[in-house]
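Handing you a structure now.
Every chain is named by a letter (A, B and C) in the order it is written, and numbering of its residues begins at 1.
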Amino acid sequence: MLEVKGLNAWYGESHILHGVDFEVRDGEVVTLLGRNGAGKTTTMKSIMGLVPRREGSVRYNGTETVGLAPNFIAKAGIAFCPEERGIFGSLSVSENLMLPPIVAPGGLSVDEIYTLFPNLRERAGTSQGTKLSGGEQQMLAIGRILRTGAKMLLLDEPTEGLAPVIVQQIGRTIREIKARGFTVLLVEQNFRFAATVADRHYVMEHGRIIDMIPNAQLEANMDKLHDYLGV
Amino acid sequence: MFTILGIPGPLLFGQLLLGVINGAFYAMLSLGLAVIFGMLNIINFAHGALFMMGAFVSWMLLNYLGIGYFPSLILSPLIVGVFGLVLEKTIISRLYKLDHVYGLLLTFGLALVIEGLFRNAYGSSGMPYRIPDALQGATNLGFMFLPNYRGWVVLVAIVVCLATWAIIEKTFLGARLRAATENAPLVQAFGVDVPRLITLTYAGGIALAAFAGVLAAPIYSVNPNMGSSFINTVFAVVVIGGMGSIMGSIVTGFGLGVIEGLTKVFYPQASATVIFLVMVIVLLAMPRGLFGKAV
Amino acid sequence: MTGFSRVQMIGVALMVALIVLAPSVLYPVFLMKVLCFALFACAFNLLIGYVGLLSFGHAAFFGMGSYVSAWTIKHWGITAEVAILLGGATGAALGLVLGWLAIRRQGLYFAMITLALAQMVYFFCLQAPFTGGEDGIQQVPRGKLFGIVPLESDMTIYWLVAFVFLAGFLLIHRIVHSPFGQVLKAIRENEPRATSLGYRTNDYKLIAFVLSSMLAGIAGGTKALVFGIATLTDVHYSMSGEVVLMTLLGGLGTIFGPVMGALVVTAMENYLAQFGAWVTVTQGVIFMVCVLAFRRGIIGEIGAKLKVTL
């Protein structure tokens, strides 16, 4: 479904990604693991076209997206939930929810999103999206991209800085949307959380993919993983 | 004849009305500047020149094509708005990756070109634009005679300002605009055509300036310098209000017009400088402006 | 002179030679106009080129300097050098007040505030009795240098103007290459960082602003003496625009750029004066071309071609 080959990316003079290769198959949940600065977030932004310069190939359902502007990549059916969540303070909660345009049929209805995140229904009238708690903002950030009908979701550290009970709820949500047929690429620092939702894990270091571990073999590779992540 | 604080009532109300009318133009112009600044991060120095162009286009429509005031009120902003659209597409869009001062310098040059061209073609003396028949005459309000056209300008300006506010604060399109002002790349990554949104914003702000120009044509004579005499004051208005809030721009614009009008009554010598003095006081007391956010 | 590179030394020598030789080829009055504007542009460049502050109100300092020099030499009968220095003092004092207000905001707001404050000065000059309103101060005598040397001859005052220009030019160079100037550059590159290093950046910006407005005042005062007139044109915001144009065209942040820009713009205006508003159109076009395609300016481009800093 998503095929990344030889992806390079630059911020100004600094060369961040040095030929990233991986793929995400239809209906899978795949994580990118790695230390800080390994290039996980840059990989996500490069897929979305949000870096100043990129080269290589990112094919989505066979369509080459390198060279497309971000809005066309979104229209192709990839939705992005950024690190720090990207909730808009000048928009109300419901405006935040309705902001991303529908790109394809098959997205969740607003009602289904509220069923998934009951807290949001209560807070829908809040005038500033940023007045929500961190957990609620994260739910809003995920909820709004479920509406669009995009089948490929990029979630950048959705559990960062959240309380354990919220992290569990995010985990349930990811399993739920996987069950509904969405495909998810997840950036995580927390591989214990990743293990509860993902099918496969790619490990990044210095702007490259250095290993791939199927979730079933995670236990067996624990030592190696500790070594990669420096924990 | 009655007096207030020793000032004859008609004089006081007359100047107040003039103040409100000036304030209406300040509000419409600073509103456009603020919206453009929010999306493009550019101070549109050409705003005054495009205001002037709005007045001139309505004059040309009348004198060359016989198209009257009311159709002009729609046509002239459309024509100048399309001009703004072309400007953004061809020239201004090249600046987004540069330091913001280049936007100021470029639009300053643009203002010189536009004003110079009109001065070459029409001289500096100015040409009259007749008040439309439907709005001739005056109405006795009891305490003063209100020239109908001036009442119309105030009314229309308030409606247009509030409509602009409502579009930005209350509509779906406005929500996209506000979001793009906060974080344009993310909005684009959601599938919104942000470059087109930027073009439309610029064209919209320009159309608003041109609309103000059409309103101004029968009040001030139509002349190439009518914009530049306004724009410097409007910059002070923008500094006073801060550019973070739409309603703030409207309130500041009208409020300063009123202050200017009152100054004309009580201390005429300071009427040209009073807005700048207010700016100094605001800078000292609240440097971010009355409605400003941190910039 | 310390601080100049070899190439810059050659540039300075060339410039001095041209200043000395030019009056035998060109009208001294035209050359003096160029030199006054060159000093004005160098003063402006001190702010935008080395501190990164875009002042859109420098006409206030130039114009007030011009008025004060003209008025004092006409009504007090003081000597020429004192009149020019009074113009500079006026620029500095006004710069202290306006700069103190303007540095409260940064970036584009700074530009708008300086523009608005200068507009206030313009309206003040329009109404104040001593400026002569629309007529300006006319028939200003050139006076005598040190009370001894009469300046009525164009060639005599030419040497005074040349001296004033060179002194200002070298002073700016000294400022830029002093430890103080290094801090200014640090502020231009990254103000928060300069603040975190313990520099009171606002103090530095204000001092630079005052120095720049002082030199602008000197340029204005000198011009008033040369032409025997001080008018509203000198305080009008289009004058602020003109000095921006000269500096941009010559090359922001270059040593010789403002001088080159002043020469080209003044020559162009002299040539185009007969065509009325085409001067304005041409200025506007130059602005736009510079911003879109020629941001290094004439001297900046030459420097880039030769791979030297000019």
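The working rule: a contact is a pair of C-beta atoms (placed from the backbone, for glycine too) under 8 Å apart; a residue touches a chain by one contact, two chains touch by 3 or more.
Since we're looking at a predicted model, the values are computed, not measured.
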Quiz prompt | Distance-to-centre winner among chains (Cα means, whole assembly as reference) | solution = B
Quiz item: If you average the Cα atoms per chain, which one ends up farthest from chain B?
Solution: A
Exercise. Express in whole angstrom the distance between the two chain centres, defined as the mean CA positions of chain A and chain C.
Key: 55
Quiz prompt | Distance between chain centroids, defined by C-alpha means - chain A, chain B (Å) | solution = 44
Exercise. Compute the distance, rounded to whole Å, between the mean C-alpha positions of chain B and chain C.
Key: 32
Quiz item: Which part of chain C faces chain B closely enough to touch in the complex?
Solution: 54, 56, 101, 104-109, 111-113, 115-117, 119-120, 123-124, 126-127, 237, 241, 244, 248, 276-288, 290-292, 295
Quiz item: Considering the complex alone, what residue numbers of chain B touch chain A?
Solution: 172, 175-176, 178-179, 181-183, 185-195
Self-check item: Contact footprint of chain C on chain B as seen in their complex
Solution: 37, 43, 91, 94-95, 98, 100-102, 104-106, 108-117, 119-120, 228, 232-233, 235-236, 238-239, 269, 272-273, 276-277, 279-280, 283-284, 287, 295
Quiz prompt | Complex contact set, residues of chain A against chain B | solution = 48-50, 69-71, 73-75, 79-80, 82, 86, 88-91, 95, 98-101, 103, 145, 148
